[in-house]
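The data blocks that follow each hold one structure.
In the two complexes that follow, chain A is the common piece, with chain B as its partner first and chain C second.
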Partner chain A sequence: MTRNRILFGIGVLAFVSVIVTVRLGGFLVDNEYRQPDRQVAAQEELGEAELVPRQQGIADEQAADEAEARARPYEEAEYRTVPFVGSRVTVWVLAQLHLLFAAFVLAVPLFAFIIEFVGYVKKEERYNKLAYEFTKLLSVSFSMTATFGAFLTFALIILYPKFTNYLMHIFSPTFLPYVLLFFLEALFLYSYYYGWGKFGPKMHLFLGFMLNVVGTAIMFIANAWLTFMMSPGKRDDIDGDGVPDFVSAVSESGALLSLRDAFFNFTWMPINIHRIIANVAFGGSIAAAYAAFRYLQAKTDEERAHFDWMGYVGNFVAIIAFLPLPFAGYYLAAEIYAFSQTLGIQMMGGTFSWLFVLQAALIGNLFLGANYYLWLGMGRMEGGVHFQKFIKWLLIAIALCFAVWATPRYAISSVSEIAAMGGSSHPQLSYLGQMSAKNTAVNILILSTYMSFLLYRRTGRQSIHPYRQLLTRAQAIVFSSAAALVIFYGVYGYFVDSATRIRFAIPQVYSVLAALVVITVIDLPLYRNAAQSGETKWGRIPAVSQYALIFIALSFTWLMGLMGYVRSGLRQEWHVYGVILDTSPDAYTPSLGFATQVVSVTVLVFFGLIGVVFWLSSLSGKKDYAPGAAPEDGGRLEGGQAA
Partner chain B sequence: MKFSVPMPLRLVLLVLGTTAFYMYLGQIVPQKESHPPPPVLINAEMTTEDLVAVGAELASGKGQCLVGCHTVGQSGPLRYPDLDGIGGRAATQVDGLSELEYLAQSLYEPAAFIVPGFADGMQAINQPPINLSDDEIKAVIAWLQSLGGTPNVTLDTDLGY
Partner chain C sequence: MLGLNLPVVIVLAAIGGVLAWRRANTLTWLLYTWVALWAFFKYGFAVPIPQSVATIYLGITGLALVCFASSSRERLSETVQPIVRLILEPRYRLALAGLLVALPALAAYNVYADLNVPLEAPGFGREVHPPPPTEMTVHDETVDMATAENPYLHYKHDDPELYGEHLENGRRVYYENCFWCHGDGMGGDGMFAHGLNPVPSNFNDVGTLPILQSSFVHWRIAKGAPGLPGAGTPWDSMMPAWEKFLTTEEMWDVNLFIYDFNGYEPRALGQH
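And now, the complex of A and B:
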């Protein structure tokens, strides 16, 4: 029924489009200037030699234009503009859309490969089917990535010809390998997708592995181009005084000195690491949103069970990748500081300082959404009531951390409020706006989310390990110690100078990371072959949980757009920081309000397009069209299963 | 009769509502466009007093000195040394360096001497991205001298760089 409606809608749309086109053409022709009939008759009497004044005027104008064009010497354009929206916004939106699809296309093969590998090791067909379900999303997304990549390239060549030419001067040796790798990626992607079930498992896994290797290599090359714009060189202790010196990859005039230094520039590896992790988190969330979409469409319990499981796995991937993401972000920020204090200060204390309050709201929402989904998921297990009493405490901890993280150092206040406070910062709340409080909040958020996951994992299960009490206590001690250490350094940070305070972030991060690793290592044997107190009922989860998954995907997408703005905007009026100045009318950093409008439009376009990807991907599960057969209701997945 | 919003409409509302919410947050925070600093014109007729005024302008603009790095007249935990009184104490900061030599060195070679208690991090301001000209640096020195000292630098002064 739905399919017939869609086909009918497309037909109506096509019909209306044809009518509108014909009517528009007719309107334009009807409104074209025409000579009065009597003038034509008069001219025929006069012969062809004399032109009426209007014709003479047009002919003169054409001749003058031609003469001017011939006299004008060829001049290379530095910039061209796009009416209404401007060049920068055009390139901005195209680059962001390309990046979002590229991130998805790079991330999905990574966890599809891992899921397929797990299925191969465990000899369980359901993992294989799940990996295939994820891979179905790739084909159309790959086309979208390539389309937006081409669109972006053309936009750069047309709108920023001189700057694009400069980048070609620097990176032309990398273009051919990039194209060859792109070709290889297409080869591996399509053979991986269409070869599902056609090759042996080892061969198919090899294809998946190669797809990931090639995709990562492509990203590393593209990252060199963009990070060069931010840090065109490296830091090295060339005079042996123990202090790293800046070694530029280009001369003061911009001429290339070292392609190696331009490629392996200062922020290249931090961006690579940050993007790999962020891509996996983002890809997992989008795949989970697809599962949620299919869950909400599902007509049978079997379908609901399958897509509930798929959504759970997608979200699990997203959250597991999301937990270390703040650490990767911290590493990237520290490297930006190390490269240029000016850039670092601009980022955290200058133009972009308020952006991080917005980022805190987004990440806080992500943590809340992820935890909420896990808590709702406990309802799938029989005997899941036991741990639900802890949820309120976790919710309180998460909400408090969220509030601390989103508290700005300087409040948005009226003149009278500033006078009452004795300054633009609140006498008490401004303490929460400092780095110590924020580092503490994000680390406790991560620990709390991990605790939610541990509770979820234990729901309906009983360890049969002989040392279960001892191991559980050990886990509790590790968890409490990490939390205590984080809070200790957070409070102590208020009593030391800023340089020491910044360094406190390192033990905070390491203690949380160590806690996650140690508790996981203990948990694996502790709950291996655990006794089940009841069956897991996949599909038995409130529908609101599926909207939570879509909300998480939306927040991830919005966050990526926002961070794209800060990464690119940091350069301020430079195309290549410190080397090539932007002299276009857009040579300034737009306000956060304007940036959020552009990000919002980009997110809406992306979700419109990803909706098309979801719809096209869901078609493959439908029955083939058969004349006279009854229309199919919903997408019935062949071989759908319950875990 | 129970009214139920159809699923596609719910999804559209969720997408639009979430995006609108985040966009709204972006509108309520302080808005600031960051423009490149305006060019500061220095001409040969400028006196030391003129240079002090130009130097002050450079310090809070193109020179980025007061944009999140140094302060004037603040105490407590600071990122970099407070500049209040620097004109008076510059001559005694490093043995063997006069007031002018110390100020010039701290701008051209900031890593050569780090004030105890602070970390290295300042970039040479005659290089990109700050990229001040020699005359602009003389103006900044004149302004620094004016903070607790007596400015004497002119455009003819040889800074040794």
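And now, the complex of A and C:
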């Protein structure tokens, strides 16, 4: 009762404050010091109402403005501005928020579908429940995606009307299919979510499959719009002289020549591949962060066990998708470089190259966070101490690779440091800033992370396979050979010309991928029906592990924002590269510091909003309101059913 | 040796050896690792490494050590126990008092040291590659930067004698005009180099010529510092625009020569 009274009192006080403020404001305006007004008042009293000079001046200005407005002919605006923030930052933030929610909405159905399918095949209900738990996040996120999509569209039409009109000129035939697909997406998403348990498993899986197909198609269409802005055409050897020629999709004046070339442009497919993989990694990490959030809120061991498992699966999905991501990124960057030397140098050697040092730091953090989570997870199993001794060596390998990857080719140096080094590159460390070292570092990082996973998988388990020794040795040989090959090519790269060195990346990648596949293929039968030294106790993990999951999600989001800026910012003063110039006041490349601030604020806003999504999603597990009932302490799982 | 300051490395290794011999606890090892790496990055190299890089390395080290210390309940307990004992046990009161004085003193010294850094002009990472324009005009000829190649490069296989003549001409042009700054060995260490900031490009560097198409090098020779793009400014390069002093053939010849002298091939178009 006391609480209600206080709340009521605060409400009344707030209302009275508003009234008092308004009245006070009115009083002050009415009683402002205006000496000439006294004269007016005096004149009014005498019946001689005339305008004082100030009033006359204001009236004249208003009349002049009105006359000017009437005389002004209608003109199409090229740009409009937003006070304080600016048009570019407005569109930048909105586009980034739209993209982050869209990535999440596209990714979650992908792995929810896979988890549901696994549950269907293995006939285990817990997978079905887990997939449903993931899907619960979709409904609100879908609305957020649509809201920010509409917001972004309006912002583009209002702030960049001429450019938006141009994009419509090029891509208007794609808009109707896009909208239709969006309807289908809504249909499949809501029938997938609300139809959980209402359809047969095959029908429900079909809905999930179609949801993914439609979602991916939507992304492919939107990707064509944005990649066209970077590469408005394709590169093809049309005259047969062996030298690639640029085949523009538009004329010199910007008129459309081929919608097909504009759509299937040079960087379209590299972006599609990169985004699908990155979306899954990002979506997995956000879902894991949700599980971490629920784990930290959990009141019972049962809840902790459920959300610990959910976090583990989300993180597992994120890391599995993350491992091939550097290669997809490398492919995209290589295609951008091949498309335009100017864009390539701008990206990897010019101003934007500094952002790749930040990228390296974030990716290093991701690897470290992912490994750390696995090491902490060993505590869930009895007998986990056995592998603890390897953590030191894994950590050394990871930290060394992280350091190599974060070493800039040309360091940020003071004048005296440059003088001491004889240039911007350090005589020894600059070797670590080169591609050979970077490729080697990332491949060893992937191998180390995989090793952590193998150790985690083995914790508390003993293989009973008749050839266990032989198979384990085979795994060790494959692993060591891959690592040796990667290091060999890394070192050898310093002794060959650049063209050969760049090609060394391919055997490095293939040897690592082959090692991952071969070791996994051996590991599956090796540890099938393995003897367990103890039970896996889900939920028995230090709370810091959950913060590691949130840290991983944050790093992923930051990374997406940062790299998205690099890809988009590369065009510099062009709306459409080489075709439509940006002539707005924002047609300059912002400082790196400013760019990182915008990205950081966007990430914070996203996490604020995703926090709301988490909260709304968790409401479904709470008890219904009942008058007079005691407040509920914690959430329950699955709408009142225990997991 | 290896560009290292050996006495420092030996001292740090010896301390590590003593700790191993005395079977130091986890906390001591963690502290030693961080401090030893700090000392190594600051004093362990013959040419000191830039502060920015050392900060990155020490940040990574710090993160890794925190991860290691907390990677299991047992290890965390092992790490924290000595700190708990230091705070709680009466026999360590003197050490605790010393620590309570030492930590603020260290922070104060850090502030003092930071405030006493000699004043100097801010440095910029200028030796990044400036992006070339999509095309340029040199002596009234339009050069497409994406597709242009050195017109004399193919003589290397088609007509070695003519190739040699162009090389010889390139050599003459280089030693008449370029070696003053770029050096007679092309290491960016010519006799004027010490007076320039940024220092002239080092053509021996494996990360410079081989990753560039010859059109890029032609652009840099022809347009020099005045032709550098607005992005990434300020550019303080002193490179002259050689199109005002040399013919187009001379510029392509010297282009050919600097690649040949260093044993590199220009990057090919469409090459990833």
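Assume the second predicted complex is superposed on the first by the 573 of 643 C-alpha atoms of A that agree within 3 Å, B and C clash if a C-alpha of one lies under 4 Å from a C-alpha of the other, contacts with A are read in each partner's own complex, and residues count from 1 in each chain.
Keep this in mind: a residue touches a chain if its C-beta (ideal position, glycine included) is under 8 Å from a C-beta of that chain, and two chains touch if they have at least 3 such contacts.
What you see is a predicted model, and the numbers here were worked out from it, not measured in a lab.
Because the two structures share chain A, they can be overlaid on it, and in that overlay chain B clashes with chain C. In the superposed pair of complexes, A:623 makes contact with neither chain B nor chain C.
Once chain A of one complex is fitted onto chain A of the other, the partner contacts of A:607 are limited to chain B, with no touch recorded for chain C. When both complexes are overlaid on chain A, the residue A:528 reaches neither chain B nor chain C.
Shared-chain residue A:341: touches chain B and chain C both. Looking at the superposed arrangement, the partner reaching more residues of chain A, out of chain B and chain C, is C. In the superposition on chain A, contact of A:550 is made with chain B only, not with chain C. Of the two partner chains placed by the overlay, neither chain B nor chain C lies in contact with A:54.
Applying the stated contact rule after C-alpha superposition, one finds that A:122 touches neither chain B nor chain C.
In the superposition on chain A, contact of A:572 is made with both chain B and chain C.
According to the touch criterion, the shared surface of chain A, contacted by chain B in one complex and chain C in the other, consists of residues 243, 246, 337, 340-342, 345-346, 349-351, 354, 357, 361, 412, 497-499, 572, 578, 589. Against chain B, in their complex, chain A makes its touches with residues 241, 243, 246, 252, 293, 296-297, 337, 340-342, 345-346, 349-351, 354, 357-358, 361-362, 412, 496-499, 501, 547, 550-551, 554-555, 558, 572-574, 577-579, 587-597, 599-600, 603-604, 607. Put simply, chain B touches chain A in their complex at residues 7, 10-11, 14-16, 18-20, 22-23, 25-36, 64, 67-69, 77-79, 111, 117-123, 127-131.
Interface residues of chain A facing chain C in the complex, by the touch rule stated above, are 235, 243-244, 246, 334-335, 337-338, 340-343, 345-346, 349-351, 353-354, 357, 361, 364-365, 368, 371-372, 375-376, 378-379, 384-385, 388, 391-392, 395, 398-399, 402-403, 406-430, 433-434, 494, 497-499, 502, 542, 544, 572, 578, 589.
Contact residues on chain C toward chain A in their complex (touch as defined above): 2-3, 45, 47-53, 56-57, 59-61, 63-64, 67-68, 70-76, 118, 120-123, 125-134, 145-147, 188-189, 197-199, 202, 205-207, 210-211, 213, 215-216, 231-232, 264-265, 267-272.
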